[in-house]
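Okay, so chain A shows up in both of these, paired with chain B first and chain C after.
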Partner chain A sequence: MTKPHEHDDRAPAARWHSLWLLTVGPTIWALHFLIAYCTAAVWCAKVVGRDGSLDGLRSIIGILTLVALAGIVLTGWFGYRQHSFGDDSSTHSEASSGDRHRFLGFSTLLLCGLSFVATAYVALSVVFIGTCQ
Partner chain B sequence: MTRLLQLRAMWRSSRPAILLFPLLSGCNGPQSALQPAGIEAERVAALFWWMTGGGILIWLVVMGLFIYATHIRRHKEHSVRRTRWLILGGGIIFPTVVLAALLVYGLILMAQLRDFSGTTLKIAVSGEQWWWRVRYAREDGSMVELANEIRLPVGERVAFELSSPDVIHAFWIPSLGGKVDMIPGRTTQMILEPTKPGTYLGACAEYCGSAHALMKFDVVVMEKAAFAEWLERQAAPAKPPQDATAQQGLQAFLANGCGACHSVRGTEARGQVGPDLTHAGSRLSLGAGTLPTNAETFSRWIGHTDQLKPDVRMPAFGMLPADQLAAMARYLSELE
Partner chain C sequence: MTDSVQDNRAEITAGQEARLTRIWNSPPGWRYWSAVNNTEVGRWYTVVTFAFFLFAVVLALLMRTQLAVPENDFLSAQTYNQVMTMHGSVMMFLFAVPIFEAFSILILPQMLGARDLPFPRLSAYGFWCFLIGGVFVCGSLFFGVAPAGGWFMYPPLTTAYQDGLGSDIWLLGLSFIEIASIAAAVELIVGVLKTRPPGMRINLMPLYAWYILVVGGMILFAFPPLIAGDLLFELERAFDWPFFDSTRGGDPLLWQHLFWIFGHPEVYIIFLPAIALVAMIVPTAAQRPIVGYGWIVLAAVGTGFLSFGLWVHHMFTTGMPAISLAFFSAASEAVAIPTGVQIFCFLATILAGRFAPSVPMLFVSGALAIFILGGLTGVMVAIAPFDFQAHDSYFIVAHLHYVLIGGMLFPVAAGIYYFYPMVVGKQLSERLGRIVFWVMFIGFNIAFLPMHFTGLLGMPRRVYTYAAGIGFDTLNLVSSIGAFIFASGLALLFYDTLRPRRNQPYSPRNPWNAGTLEWLGEMPAKSWGVRSIPLIKSRYPLWDQPNLMRDVDEGRCYLPDAEEGKRETLITSTIDARPAQCLRVPNSTFKSFWAAVFTGGLFIFATYAWYTVALISAALAFVTILIWLWTDTAVIPEKPNKDIGLGVSVPLYASGSASVGWWAMFITMVADMTAFASLVFGYFFFWTVHTDFPPNPAPGPGLFWPVLSAALVLAAWGLTLLARRYNRQDRAHGFYLALTLAILFTLGGTLALLAGPYLSDLEPTSNVYPATVWVLVVWGTLHLALGLVMQVYCLARRLAGRMTAEHDIDMQNVGLYWHFLAITVAVTAAVIGGFPEVA
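Entry: the complex of A and B
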């Protein structure tokens, strides 16, 4: 029986082909949005009322944002390392397992960049909006 | 001949722009957010222009770099390092920074638009399928109810309390400010400060059923003294019928059960289901912006209500004798 990637002597281990790392950045972004939205909704509806201040909520969302950004940066770093697999002349657009590996790493890095900016944009709303109005 | 060919070429190249020109007339008039007549509308219009400018700037930079890379330096070798910086700088960093600046501007503006301090007048508006119930709170604590028309004093900050008993509507006077949803079970708020006297148009900005497009209202911004006088007149009961025909019209109005749904203050008609008609004849439109107000349009409205506004809750009274219909229309058109 032929083993996968047997023809490719640069092939990384099969487990490295996982797509899961690609989804981590956008998932953190989505979770950050969901948690921030629900927390703000509960804060305004149940804690301070519709005319209340967002001051207390700011620190909660601030900590949440720092955790989310740290997670995205870490995932991006893993993506960058994956993209750096091989030597300087390595491609990431050929039909080989090594190229697929590097391509997925590069995609992870780009998606983490997008998720970083989007998460920061979401957090900006509580910086500039002071009340539940 | 050459001249003719040149003109033809000019026409061909500029045709799209010339054909789009008439569309710009849609940016004008009493229902245009691009012709602000209030502080809030000025802020919204400024946001629109900054957003448009930011979008154009990003497009120009990205397309400029694209043309530079593919046409201007097409036959020259591109340095990898320089190319990376062009892509990173022009394609990622520049748009991100411009969008962040626009976002911050929009968020600061949003906070300003939600500042409810310093209001001098409070108006409760209820969006109902498919008309507007308007209640003015007076200084003595009494309320004045009217329908489908809002008048505002120029230069005053006015607080609106918005609600709905049936489905979600949205209250929008483009010339004066942004739109706010009217949600069943909740009261939402907005502030408007008109700066230019004039007549404007408002509309429901959330699809709310088959006659959604016929749910409009007139907005008149008046000088303060004229507004105070107008509100005083609106608070007064309806004037009695002026002649025999109008008297017959009032009797027909009461005899046919119109008072079960409509109020005409000063008469036995005290219904709360439909619009208050105490001063219906003085309003600028009938049927929430559907028709002008005169005896003829009142007659059409009463006789063919469902044709003029599909699915309206008011039944048509076209079965009434013509003289009764005419008398009722005359009476209502004279309620000034």
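Entry: the complex of A and C
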């Protein structure tokens, strides 16, 4: 048996941020969701009342959604770049720092895709619903 | 010459095995129950969990007997309510969640080639808490005092209309069990991140470990809101603090929010570990690596997040604005995406491989079929207008049983058949297994498929009987017959697992020809787990690494020995699994048992309002845990490093973020912060639903005392961090001075925090505002008291020579706790003192 990782010193180092990057896309979804929900709740309870219109809220959530989607796309881009590191092996199943790096990038990209769709779903709510009733 | 080398080698190996056996074997006789290693605790946990499951199955059969014919009087309405409540509560809290903890404690270390998880005593403590709490809650049924408010205990039914102990038993008994879940989450997260074998980088982890990591993280954010809710609820029931009483400004909907912020993620906390079993079984059955490993990681992590955006879909009929419902409806639809992705990956793996039919795969196929039906009705009820029609009807009962039995029970049955040889050393009957499957599968569908129609015809759930001739009769009778068929399948399964098999030969090693490490073990399994810890280079090392089994068996890999007579396992780095530390894990002890007994006393005596005895029990638990910490944790090793074989030497002691204890503290405090955030959520929830919350002018606590408290606590925090630095620099005087001052500031900060509401005469029973302020203050005070104990503890540790400049785990962990404490007190001060000024 060989010592662990002895041939692997030039490969990308294990950094915490590459693991945490996985969670950035879904976290942006969660923040977008929470802010949208809380803003709508406060809007209907404190600003316009239960019979009020969502017009002003629509712009707020629209801008919020654009910011969130931009953040998700940016994170996805980082993931994609990490995934494109070196010689790609599509299964990321090699015992190498390169594959570990690509795997985390790929998973980040996938999670950003899911977060993008989920964020868009949530934003659609204000397209279809116009009042606080 | 060669012979003598071989003899020598055999002698060394025999010596190593003898030492490993001596240190890892469980103690004999009655002291067996002091065992803490994962194989024993995992087995007990599994057996007890199934005992509770059987209990809940019997309750289900009682219900189906009552409902078999209209206007039946087999059970009274009151008994039926208790049976129904207990069926749901036991299935969820005492079976569905703990079975994953039990299985994981049992199989995760084997999967990671570890000798044990990092905190064996914590696992044992969690197990005993679970057992005591579970027996207490279940026992209540035999005295006719069981909870009767449904498994989600909605107020005002349970606060204003149900006297007796039932709700208290539910609240306190299950809160106690939630401790076990959080303990398991800490253990399993750190286990996955830190006890992987060398070389098992994060892209090579078994999928089971990924799922467990996600589920552990979910527990940290899902269970604390329920603990916070339980606290509010019990304060209302025991001391009349009106959080849910609308006559005094409370709101029952707050409970629904807190319950379902827990309750919906819980469904996925149950589902993901079960589907993790499927992710291990499918590649073995297909004899090829999983298709779409990265996609399954996406599914696990994605589901983990999205499951927190669904809770209001249990509250679609509470009259919230349609826009709020729409957000949750959207998220409920989105979660179907990752759920579907993993199912496609499993199907692709089966199609791409050589499908070998086996009993586990039969159960997996059944699970997928049932779960997909449940998932589809889930998509239906996630659409608010449909839910308005189906809400609280038998359609929901059908939906949730399809999801839980397809998503959890069938995969668990598959897991029992698959892992039985690993745990017991012998295989279950293949022939009987097929019969069990078909009886269960057919029985299940006969029982639950008709409920969709009973529900759509208008039969409400939770009724103890129904009138004849309104279309429910035949469907209910069919459901009841199906339930008994289903139960007979379960009975057969239990018969096969429990029957004596003395004459049956041991199973061959790795009987399914699986590729993952848990099948490395010998049959029957040895107490030490793996003989030596291998270097991993593949996701399926048993398939891809030739001679791995031989090398491991001959002790050619890491940690083949226990020279110092200590239990040891390997700690590796989080991402690339490089060897980082040789962790000494503790041996058998009754301390965890007694700590659980006394903790149980606190909760159980409090149920009967015997507060003095409860407090004595709490004090005993506290002392036991202190003794446990003092004697067994952060022990300074006899030498700094240890040679673990293959020319690698690693430290025996690590502190700060390199130590497993630091991670445990961090994870625990994340859960703690979630509970605190739930209480703060309560404050702002009342602000949104009332026009006079906080009242104008606010009757207290004013700005002065909260701000003073925050200032003193922040100073104590700074001094604690200073003490940590001085300790590291070995400046003893500076350390003692800084920590003593920190203690004084902590005391001052605590008193100032209490002074705010106390001096302004806020009476918590009068209205929800004072009650909400007080609950935040009490929360902060309890945490400050704990912070104070930690400061004194560190002072004493250094005085006793158990903590030094280099060996400073205690001080590092206390410093970490204080970061969270500083946030808690600062936020509390800002909310109770600052918000009334700006609202």
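Simple rule for what comes next: the second predicted complex is superposed on the first by the 117 of 133 C-alpha atoms of A that agree within 3 Å, B and C clash if a C-alpha of one lies under 4 Å from a C-alpha of the other, contacts with A are read in each partner's own complex, and residues count from 1 in each chain.
Heads up, the rule we're going with is that a residue touches a chain if its C-beta (ideal position, glycine included) is under 8 Å from a C-beta of that chain, and two chains touch if they have at least 3 such contacts.
All values reported here derive from a predicted model rather than from experimental measurement.
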| item | value |
| --- | --- |
| First (chain B), second (chain C), both or neither touched by A:Ile72 | neither |
| Which of chain B and chain C A:Phe128 touches, first, second, both or neither | both |
| Partner contacting more residues of chain A (chain B vs chain C) | C |
| Chain B versus chain C as contact partner of A:Ser97, first or second or both or neither | second |
| Touching partner for A:Val117 - first (chain B), second (chain C), both, neither | both |
| Touching partner for A:Val24 - first (chain B), second (chain C), both, neither | neither |
| Doubly contacted residues of chain A, that is, touched by chain B and again by chain C | 117, 121, 124-125, 128-129, 131, 133 |
| Touching residues (chain side chain A, partner chain C) in the complex | 1-5, 14-16, 18-19, 22-23, 26-27, 29-30, 33, 36-37, 40-42, 44-46, 50, 54, 57, 91-93, 95, 97, 99-100, 103-104, 106-107, 110-111, 114-115, 117-118, 121-122, 124-126, 128-129, 131-133 |
| Interfacial residue positions of chain B with respect to chain A in the complex | 92, 96, 99-100, 103-104, 107-108, 110-111, 114-116, 189 |
| Of chain A, residues touching chain B in the complex | 113, 117, 120-121, 124-125, 127-131, 133 |
| Of chain C, residues touching chain A in the complex | 198-199, 201-204, 289, 293-295, 297-298, 301-302, 304-306, 308-309, 321-324, 326-331, 333-334, 337-338, 534-539, 551, 556-557, 573-579, 646-648, 688-689 |
